[in-house]
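In order of appearance the chains are A, B, C and D, and numbering begins at 1 in each one.
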Amino acid sequence: MSLNRDQIAMRVAQELKDGYYVNLGIGIPTLVANYVPEDIDVMLQSENGLLGIGPYPTEEQVDADMINAGKETVTAALGASIFSSAESFAMIRGGHVDLTVLGAFEVDQNGNIASYMIPGKLVKGMGGAMDLVAGAENIIVTMTHADKRDNSKLLESCSLPLTGVGCVKKIVTNLAVLEVKNGAFHLLERAPGVSVEEIQQKTAGKLVVPDHVPEMSF
Amino acid sequence: MSGFNKVVSTYQEAMAGLSDDMTIIAGGFGLCGIPEGLTREIKEMGVKGLTIVSNNCGVDDFGLGILLKDRQIKKMVSSYVGENAEFERQYLSGELEVDLTPQGTLAEKMRAGGAGIPAFYTATGVGTPVAEGKEVKQFNGRDYILEESITGDFAIVKAWKADKIGNLVYRDTAMNFNPMAATAGKITVVEVEEIVEVGELNPNEIHTPGIYVNRIIQGTFEKRIEKLTLAKN
Amino acid sequence: MSGFNKVVSTYQEAMAGLSDDMTIIAGGFGLCGIPEGLTREIKEMGVKGLTIVSNNCGVDDFGLGILLKDRQIKKMVSSYVGENAEFERQYLSGELEVDLTPQGTLAEKMRAGGAGIPAFYTATGVGTPVAEGKEVKQFNGRDYILEESITGDFAIVKAWKADKIGNLVYRDTAMNFNPMAATAGKITVVEVEEIVEVGELNPNEIHTPGIYVNRIIQGTFEKRIEKLTLAKN
Amino acid sequence: MSLNRDQIAMRVAQELKDGYYVNLGIGIPTLVANYVPEDIDVMLQSENGLLGIGPYPTEEQVDADMINAGKETVTAALGASIFSSAESFAMIRGGHVDLTVLGAFEVDQNGNIASYMIPGKLVKGMGGAMDLVAGAENIIVTMTHADKRDNSKLLESCSLPLTGVGCVKKIVTNLAVLEVKNGAFHLLERAPGVSVEEIQQKTAGKLVVPDHVPEMSF
């Protein structure tokens, strides 16, 4: 059965390691913070200048001066540091963030990602996404495998303007976990109850399927 | 320290010299850490044809958004501008020019502008619409694009505390783009929550040294919250 | 925060993995703010063929100067190296390579290295021996030269305080090159005067966020003064 | 009569204005700090990361962590700020320092300066001098007008490797104050009792002498 948003986030959370500095994008990626395994610690980086995002504030704690990159009110975690946007992107661009999780409209078999612009619709801007995909060694994209009309979002070649080139290493969708390498999507895991055939059908780009495709475990 | 006393008492003095077609670099991220009163003063001055370099453009009735109604802004240089309807209307109708710039590149362009670095290479935007028309060069086998720095006729900055000679301290994530903006204006104007005496700030804890600051004004702040999110309990 | 506890208890652990022919970026200006114990450990390890990127090279018997006697340094990248006799001997005899780099360009090369910027333009050095072999480009009618960034296999840094997850605070002018060095090492090792608990440092007053730091060691410091100058009377 | 080092510094100090941020090089420039007019305030920038150099410390105040760019122990002035070398040179390179005073081996009529290297002798390095001369709008060079063998240091073209190109605007020597513009040295003032002829004789580059050359006043 296809995963819901929280289940996608839960699966992504399994990729976290103790001591990781992680940047979570807006949407499903933000939910990952709710599923950090109990036996590990991660520090969340917010590109507006906060390393160590804490929980949302209580009404008493709310402070207009303390927000995350999604402009939500947050708190600072124990051990947090606060810095300028230039310093924040020095971290990001310099490859110091261990893992970046972000959403996308499309990815393709060469690791390209399109996530910020649909021509003809209003372009609201790329925010920090282009810096994040260019700077991170380790990027996980979360998205639905196909759109509402069942058009695949895992393509041979992105049709939309790109956010970054050759940067996506791993994808977690509502149907599968895939690795991107050597010009193909490699199927690693399928969602519980989802068939390999369904994944094949909804993957437009080149898909490599091993003999055995385990189900995700939660 | 008479020659170093940068405190002015009115918003008119603070923004004196601003005229049509100038470039303004503004601190702030969303509605957090924005120079509210300086922005209102720009609206009241009625100057037009402005180029505004700021990560965002406020919302319809607050922050830089208030400069849109009277069409004071000719061009925005921003990374994300999707927070207001009038912006959308002007942009789609072609009345407003928008130069979308990746957030980290924007921050670095301001820093470089203030630091006398006319251009730098970055991997951000390679192979995307951002790279169009820009020089590409390989370093260690990877492609990078050349990005030029930005300076402004004015910089408008929001800080938490300033001493009278312009040493600044920011508070929490209201820092954001403010330190870079402060370095990149020919005239840098800072609106603060509190002005303190020289010597009250610890030299080791100053975020922006006074050398970058030309004018300081005591502001009053609404500090509007864009997205209130609370802990569940 | 087990995965973030970066404290090591011996200098051997602190410098584990350093081997011949590596590049080390070192903080410090003169003898101020230098990682004394880490430097001694490098001497004791006996690794050779090192490239050291540091504004200065210590004095004969202190700081980086102690690595000269056993010829551990192949190359220095520095802005000023005139403080010791053995250095002079090795340099004049051709045993030691020296890449003289303007001080501001050196600081910016380290910063750029840590920030993922492979190169930047600067007016510093245009028309001088520093410009030899470097690309020249005009911006706004002025010539600038292209300078490439620097990263190291190791960075050795001296800070005043660190919390256990590597957030750093420097003290007075012992800051100098340390913040940039901290960002530019594949492995960044910090020697500090005091290790404090997580939460003791104010998030707004941290000079180097822990993300840049891999190892922290409690050091003991002689803090030798190079030129004692006193007020008259 | 030819000025001594302190008198050169005194004359340079007359160029200071209230509210100036000033970088003073090693040697004679450092002495300028002793002659700041009483009715003005200046802040001294030290390129190792201190804006607001105070007096030398008493024995009780001496602190190894507080030095100037000459590696001397100093104190911080009231209102000082402390920052990294990158930030320090951002100030310098970005043109935020109002006045830079430094020594030189040679200057020439095109404003070139040679100050860091004598081929054949040991090259100790340029330190921050190249950044200072490239970044400052306003540079005053202090030096003796000629060397001990009476060879002029104000040349048609520098013979030593350059520290910077076309950057020197003003020169204060033991004999004169000169402005550099339009490919010539323009004589502005002469030291008390020094003749225009002596200055002409000791200036190898093109020298423009106005009808009246006032004596310096102290």
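Just so we're on the same page, a contact is a pair of C-beta atoms (placed from the backbone, for glycine too) under 8 Å apart; a residue touches a chain by one contact, two chains touch by 3 or more.
Here the structure is a predicted model, which is why all the values come from computation and not from measurement.
A.B. asks: Which chains are shared contacts of chain B and chain D?
C.D. replies: For chain B paired with chain D, the chains in contact with each are C, in label order.
A.B. asks: Using mean CA coordinates as chain centres, what's the chain B-chain C distance in Å?
C.D. replies: About 32 Å separates the centre of chain B from that of chain C.
A.B. asks: Once you find the CA centre of chain A and the CA centre of chain D, what distance in Å lies between them?
C.D. replies: Using C-alpha averages as centres, the distance is 55 Å.
A.B. asks: Taking each chain's centre as its mean C-alpha position, how far apart are chain A and chain B in Å?
C.D. replies: Each chain reduced to its C-alpha mean, chain A and chain B end up 29 Å apart.
A.B. asks: Where in chain B do residues touch at least two different other chains?
C.D. replies: Touching at least two other chains: 108, 111, 115-117, 122-123, 171-172, 175, 203-204.
A.B. asks: Give me the residues of chain D that touch two or more other chains.
C.D. replies: 76, 82-83, 89, 92-93, 134-135
A.B. asks: Which two-chain combinations touch?
C.D. replies: The complete list of chain pairs in contact reads A-B, A-C, B-C, B-D, C-D.
A.B. asks: Mind pulling up the chain C residues that touch chain D in the complex?
C.D. replies: Residue positions touching the partner: 29-33, 55, 78-82, 88, 91-92, 98, 100, 102-108, 110-111, 122-130, 160, 171-180, 207, 223-232.
A.B. asks: Touching residues of chain D toward chain B in the complex: what are they?
C.D. replies: Within the complex, chain D touches chain B at residues 17-21, 40-43, 45, 51-52, 76, 78-83, 87, 89-97, 134-135.
A.B. asks: In the complex of these two chains, what residues of chain C are touching chain A?
C.D. replies: Residues in contact with chain A: 1-4, 111, 113-117, 163, 165, 167, 183, 198-199, 203-204, 206, 209-212.
A.B. asks: Could you list, by residue number, the parts of chain C that touch chain B in their complex?
C.D. replies: My answer: residues 108, 112, 115-123, 137, 139-140, 142, 144, 148, 169-172, 175, 203-205.
A.B. asks: Note which residues of chain A are touching chain B in the complex, please.
C.D. replies: Checking each residue of chain A against chain B gives 46-50, 55-59, 61-68, 70-74, 76, 82-86, 88-89, 92-93, 112, 117, 122-131, 134-135, 161-166.
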